[in-house]
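Per-chain numbering from 1; labels A, B, C, D and E assigned in written order.
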Amino acid sequence: MERSLVERLIAKPELGPLVLLILELAVFASINPEFLSALNISNALTFTVELGLIALAMTLLMTSGEFDLSVGSVFGFSAVLMWTMFNTGLMPMWVAFLVTLGVALFIGWANGMLVTRQGIPSFLVTLGMLLVVRGTALYTTQGFPQNTWKADDQWLAQLLVGDATILGVRLYMSMLWFVLAALATHYVLTQTKVGNWIQASGGNSNAARARGVPVAGVKILLFMFSSAMAAFAGIISSIRTQAANPNSGTGYELEVIAMVVIGGTVLTGGRGTIIGTVLGILILRLMRNGIVLIGVPGLAYNIFIGGIILGMMVLHNYIERRHHAGT
Amino acid sequence: MERSLVERLIAKPELGPLVLLILELAVFASINPEFLSALNISNALTFTVELGLIALAMTLLMTSGEFDLSVGSVFGFSAVLMWTMFNTGLMPMWVAFLVTLGVALFIGWANGMLVTRQGIPSFLVTLGMLLVVRGTALYTTQGFPQNTWKADDQWLAQLLVGDATILGVRLYMSMLWFVLAALATHYVLTQTKVGNWIQASGGNSNAARARGVPVAGVKILLFMFSSAMAAFAGIISSIRTQAANPNSGTGYELEVIAMVVIGGTVLTGGRGTIIGTVLGILILRLMRNGIVLIGVPGLAYNIFIGGIILGMMVLHNYIERRHHAGT
Amino acid sequence: QAAGKTYYWISHGGPADPVWTYFLAGANLWASDTGNTVNTSFHSGDVPSHQEAMRAAIAAKPAGIVSTSPDPGSLVKVVEEARAAGIPIINFNTPDPSAKFQAYVGANLESVGRGWAKFLADNKLVKDGDFVWMPVEVPGATYGVQEEAGAATILKPMNVTWEVTDATLDQAEVINRMADYLTANRTKIKAIIGLGDLVTGSIKRVFDQVGIKPGEIPVVGWGNSNDTTQEVLNGYVNAAQWQDPQATSYIALSLAAMAAGGIPPGFDIITGALYQKDTAAIYDKILSGK
Amino acid sequence: MTDDLVRMENINKHYGRIQALTNVSFSVRPNEIVGLLGDNGAGKSTLIKVLSGAVPLSSGDIYFKGRKVEMRNTADAIANGIETIYQDSALVPQLSIARNLFLGREPTIGPAFLNRMDQDAMNKVARDLLKQVGITKNIPPTTPIGSLSGGERQAVAIARAMHFDSDLIILDEPTNNLGVAETQGVLRFVRGARDSGHSCIFIAHNIHHVFQVVDRIVVMRRGTIVADDIDPKKMSIAEVEDVITGEAH
Amino acid sequence: MTDDLVRMENINKHYGRIQALTNVSFSVRPNEIVGLLGDNGAGKSTLIKVLSGAVPLSSGDIYFKGRKVEMRNTADAIANGIETIYQDSALVPQLSIARNLFLGREPTIGPAFLNRMDQDAMNKVARDLLKQVGITKNIPPTTPIGSLSGGERQAVAIARAMHFDSDLIILDEPTNNLGVAETQGVLRFVRGARDSGHSCIFIAHNIHHVFQVVDRIVVMRRGTIVADDIDPKKMSIAEVEDVITGEAH
């Protein structure tokens, strides 16, 4: 009983998030048309992609059954690290950039080793790492933010976040990086051997191991990937916002995980979808942007964010039910 | 092949945390004897028990396979709510107290319903609830802290946090409440039918359901319990610190969960231990206290906390291995 | 008042940092006085989201924007965009000379820090070789950094040493950590500078818990919260800095409105005063009057 | 035939797109052992899951002792006196043997509000039951299920059915994983159940076992019932196998 | 006898306090089907788990083709050409049938660095294999394992062993859950394996099945081997059952 294409589309787990996104756009746009203005769209997108990069990596990691709370502090730390090395004239920017990525990879590797070899739950490992990394950023800088003036005339800076205005919409290079990353991760998860191993590791690690899948290896790799992406995002963000503050990135971990989960990836692993994550990213970020735009009082901000998340999940759940009746 | 008492003790999962705690005490005390001074002990304990009350409830909840990120904001919200109602002269303190607990129970109920009936992962539900509750606290108070000076002459305040000085150590009533709560929860988890249902719900909810265990009911109840305890702790804390600040409790959720996990309760449910949690609570809080006391540079604080958590888990894991070799 | 225009009031503060509640109150008061709409938002020091809000505001084409500066240099581009869009934009609470704001309203944080140190020095509360403790809610946030820098200009020459410690924004945690630190270094600490309102407001509670008598250790710091004025009145805090939070917001918005009306403000307005027991009553009235 | 213990009429069940049961009518008389046979995917487990409230039915009626009943969840079924052992034996690996045996119906001791389990009693009963099922090696009833062998787990599941005497006992492939001794234990138990007036639905692929105990054989294929009144005394194993595989004539 | 395919010598294995294997020596010759019998908890699964690297042994040696080998993990075993089907059939419920079949050894297509799975090939092979095992009803190979019936899952596990022809194929109670047709499929496969020169360890409680295929029967009891060279042609089922239950004389 092969299913028709239409049926397959409807049955896709991404349907829920998609409907939510469209609904959201409609509502905000109707309240304040500015919401769809070129200017606003480009604004909304810029920061979106920076968190998005992390969310993509987190999707793979969560599909393999682990998650990483330390991304937020790696985000802040790496920017500080790179700029310190660069500003103090220790090395040219691109070297500093590579060194920073190297450090991030090491952090991820450490997370992975502790989780897989020591069998410590990833919650504790990455929570501990969060504190260590954040602390290091604070201690080394003594809390002073790094200035990032000299960035503009750097080819690397241009390559990472250079912007171009296309039909009135200001687009940053980072958009491009995000799209590429999204395509790549989607390909890996759905088309490759490794993708199959990732899902198996999350779905039933014993079974995977019994088949000779290097579960530990896969997870370590993904931890490294998520750290690296966090660092990459942190650097991009610091160049764009022209600020490298040891505190930046605080609390991003929860937001990123929320994006991934809203997208339909399961917290406990085994099932993951990049398309869903992309939708989840847009849903959450546009919501934040829209709320400011329609002028919700600052202190009520959280009420709306939270309320909408809950409402959306109920709706999402309703849609799911409609289409998988019985099961 | 019944095992001997000694063997059973050694095989207990709580052994790990216990060793860690003793080690910790030894190290800190040796570096700075002040650590064991009456004054310091009472300081360390006061706040400890307030977080501890939440951790106890969280242990039961996590054993049933769910967790609650909203406890932190309920902690802050309930204090604000009670004091607003009391200060504005709406009602006498004890009524305000009961009403607040009622509201907290409702919040927990809402969490439980969304998780069990709607099948939304508790991560999202409680994250959303976290934001809504925090937001409400901020919006309704416009961010203004509620003053709590009038508390002292209230019998309820005395009952909750009245303090007595025993052999130079200033002890608060809250200590007593914590001990009672610990005993009660331990009894429930290990001795009662409900306790068996809690473990079953977390271990294999399908099996539990198949046996006619009201899994949803159990979880809803536990969500309500954890909210109520968070509120109770929040109120106690507000009376002691003489401040009801709408954003107090921020980030407690992670700390509390960390306590529970360090104690040996599994994030994924099925296995939980109150004794372990109590040890976990002491380990984490005394660590925070000890680090400051041995004079770690202020900004390096987090580095040490994180580092010690990681180190401890590795050690813990080592101890476990030693005693359950083979398995 | 359908006629009212829309203004954006954007802050890097934490929504429940006591002092910010007074800034907010000022903004709301201005709104009701003038019948204009003021959209407010807090960003707890998160630069990207602060910028995002600014841009969202610019997109909404309001009559004017008033904003704090989360980090030196972090708003340069955004401000340019606002100017380009012809939207009046005023800086308040935390100055950022590098960005082309039309005007700044608020305290000069470096001089505030210098003021505290000077007070300690002038009143012989610290001498050569002493140690000063500087608790702060969020290490690395602009306000603490600039105040520390300011204080340094006085303390360094006297070769007084100091340490900044992380107290967090959580009341219970603040008390807990400060109590711990005090217990540990009680003998060493000769004076305390509270770099933020929450920490300064917690001095009484901390002293009580550790068992230190009011005045035993001299304290200076921020005085924009009810708690602190009480502490000044009761002798826990020797001198506290008032920065006219409501006034700051009110004037900043007024300047924006003025600029919107076509009168360009070509000047900064520096607010603030260091008060002691004798004058504390005034501020107590303002604050408890909510 | 209101003398039926349970009667299911025109049951339909589909999982999403998959139709697992089509217009199935099935009944069990008091004090009767029915053997339910059929190839893989025939719908046996689904049928008994519907009957025991484990999965909701798409359409159809269920009568228990002549009275129409709603099986909204397993609790309903248990309340009606239906005890089920599922194929994917539903045990909680972290819990001890005894705690699993009594899960959902733990005996209590002391004042009710204390809600205290009588663990000693539970362990004692558990020990005896394991013997009855034929587990010779003595395994402490406090051993967590997780550390038992495949068959030992199955045995525990069986033991549970033995203990709570219900009107209808449903066994979905109970002899899987079981060794010689244990299997004999189960079959003995089933006969005993009938002798003491209970009814039983017995699902198994090992026809030898089925033939040793059942009074009547029902055969399913592709979600429908193809034969519902085969008398094991009047038919050979080979013939029944033909019916199952659909080569009957 | 260095002509053994595998030889395990003085194997000991304990889980914590529980001694599951005591001084077990066991060997399989090339091109031979060994039936491994024993009551529940006898140690059969543990023995083959040790052999396939699924659990570490406490002491003892393993020789493969005369060469001493370390079985640190299942990857080692697979590398040595040992294919195992565990009793608690190790499948990933979320993954499709095809993805499960090839898990760990997915065929790739296109340039290596793209690491791309050849999903069409996988699906095609999967479809054929399901037929071979005897699943008549056509189930799309993209169906997630989670929505299969007990026996259908078992069949998938078997199919896997069929596809990758390894020197030694270990089947731990493969006929559990299987219907008549499917069971015949498995037995046919085992015979075929031998005819094409492979060896096989066949664990089952259903002695009828064992007798239909094996060359030699080994019996375990309480973690030791009590008989290791029974010729099914020279002994009756009843006699073997006695050996298993320990009533031999």
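Things worth noting here:
Here is the rule we use: contacts are C-beta pairs under 8 Å (C-beta built on N, C-alpha and C of every residue); 3 or more make two chains touch, one makes a residue touch a chain.
These figures come from a predicted structure and were not determined experimentally.
Taken together, subunit B and subunit C share the touching chains A. Of all chains, C has its CA centroid at the greatest distance from the CA centroid of subunit E.
Two copies of one chain, subunit D and subunit E, form a contact in which over half of the residue numbers belong to both partners.
Subunit C and subunit D have centres, each the mean of its CA atoms, that are 71 Å apart. Subunit B and subunit D have CA centres that are 43 Å apart. Distance between subunit B and subunit E, defined via averaged C-alpha coordinates, is recorded as 48 Å.
Look at where the CA atoms of subunit D average out and do the same for subunit E: the two points lie 29 Å apart.
Shown for subunit A are the residues in touch with two or more other chains, namely 1, 138, 142-143, 297, 299, 301, 327.
The set of subunit D residues that touch two or more partner chains comprises 15, 18, 147. Multi-chain contact residues, meaning those touching two or more other chains, occur in subunit C at positions 15, 24, 139, 164, 166. Residues of subunit C that touch subunit A in their complex: 6, 9, 11, 15, 24, 37, 39-42, 45-49, 51-53, 55-61, 70-74, 76-77, 138-142, 144-145, 164, 166. Interface of subunit C with subunit B (complex): residues 14-18, 20-21, 24-25, 28, 139, 163-166, 168-173, 175-177, 179-181, 183-185, 202, 205, 209-211, 225-227, 290.
Taken in their complex, subunit A has these residues touching subunit E: 1-2, 191-197, 199-200, 202-204, 206-214, 270-271, 327.
Residues 15, 18, 38-42, 45, 87-88, 135-137, 147-152, 155, 173, 176-183, 205-208, 222, 241, 244-245 of subunit E are the ones that touch subunit D when the two sit in their complex. Listed in rising order, the residues of subunit D touching subunit B in the complex are 54, 73-75, 78-79, 84, 86, 90-95, 99, 102-106, 108, 114-117, 119, 138, 140, 147.
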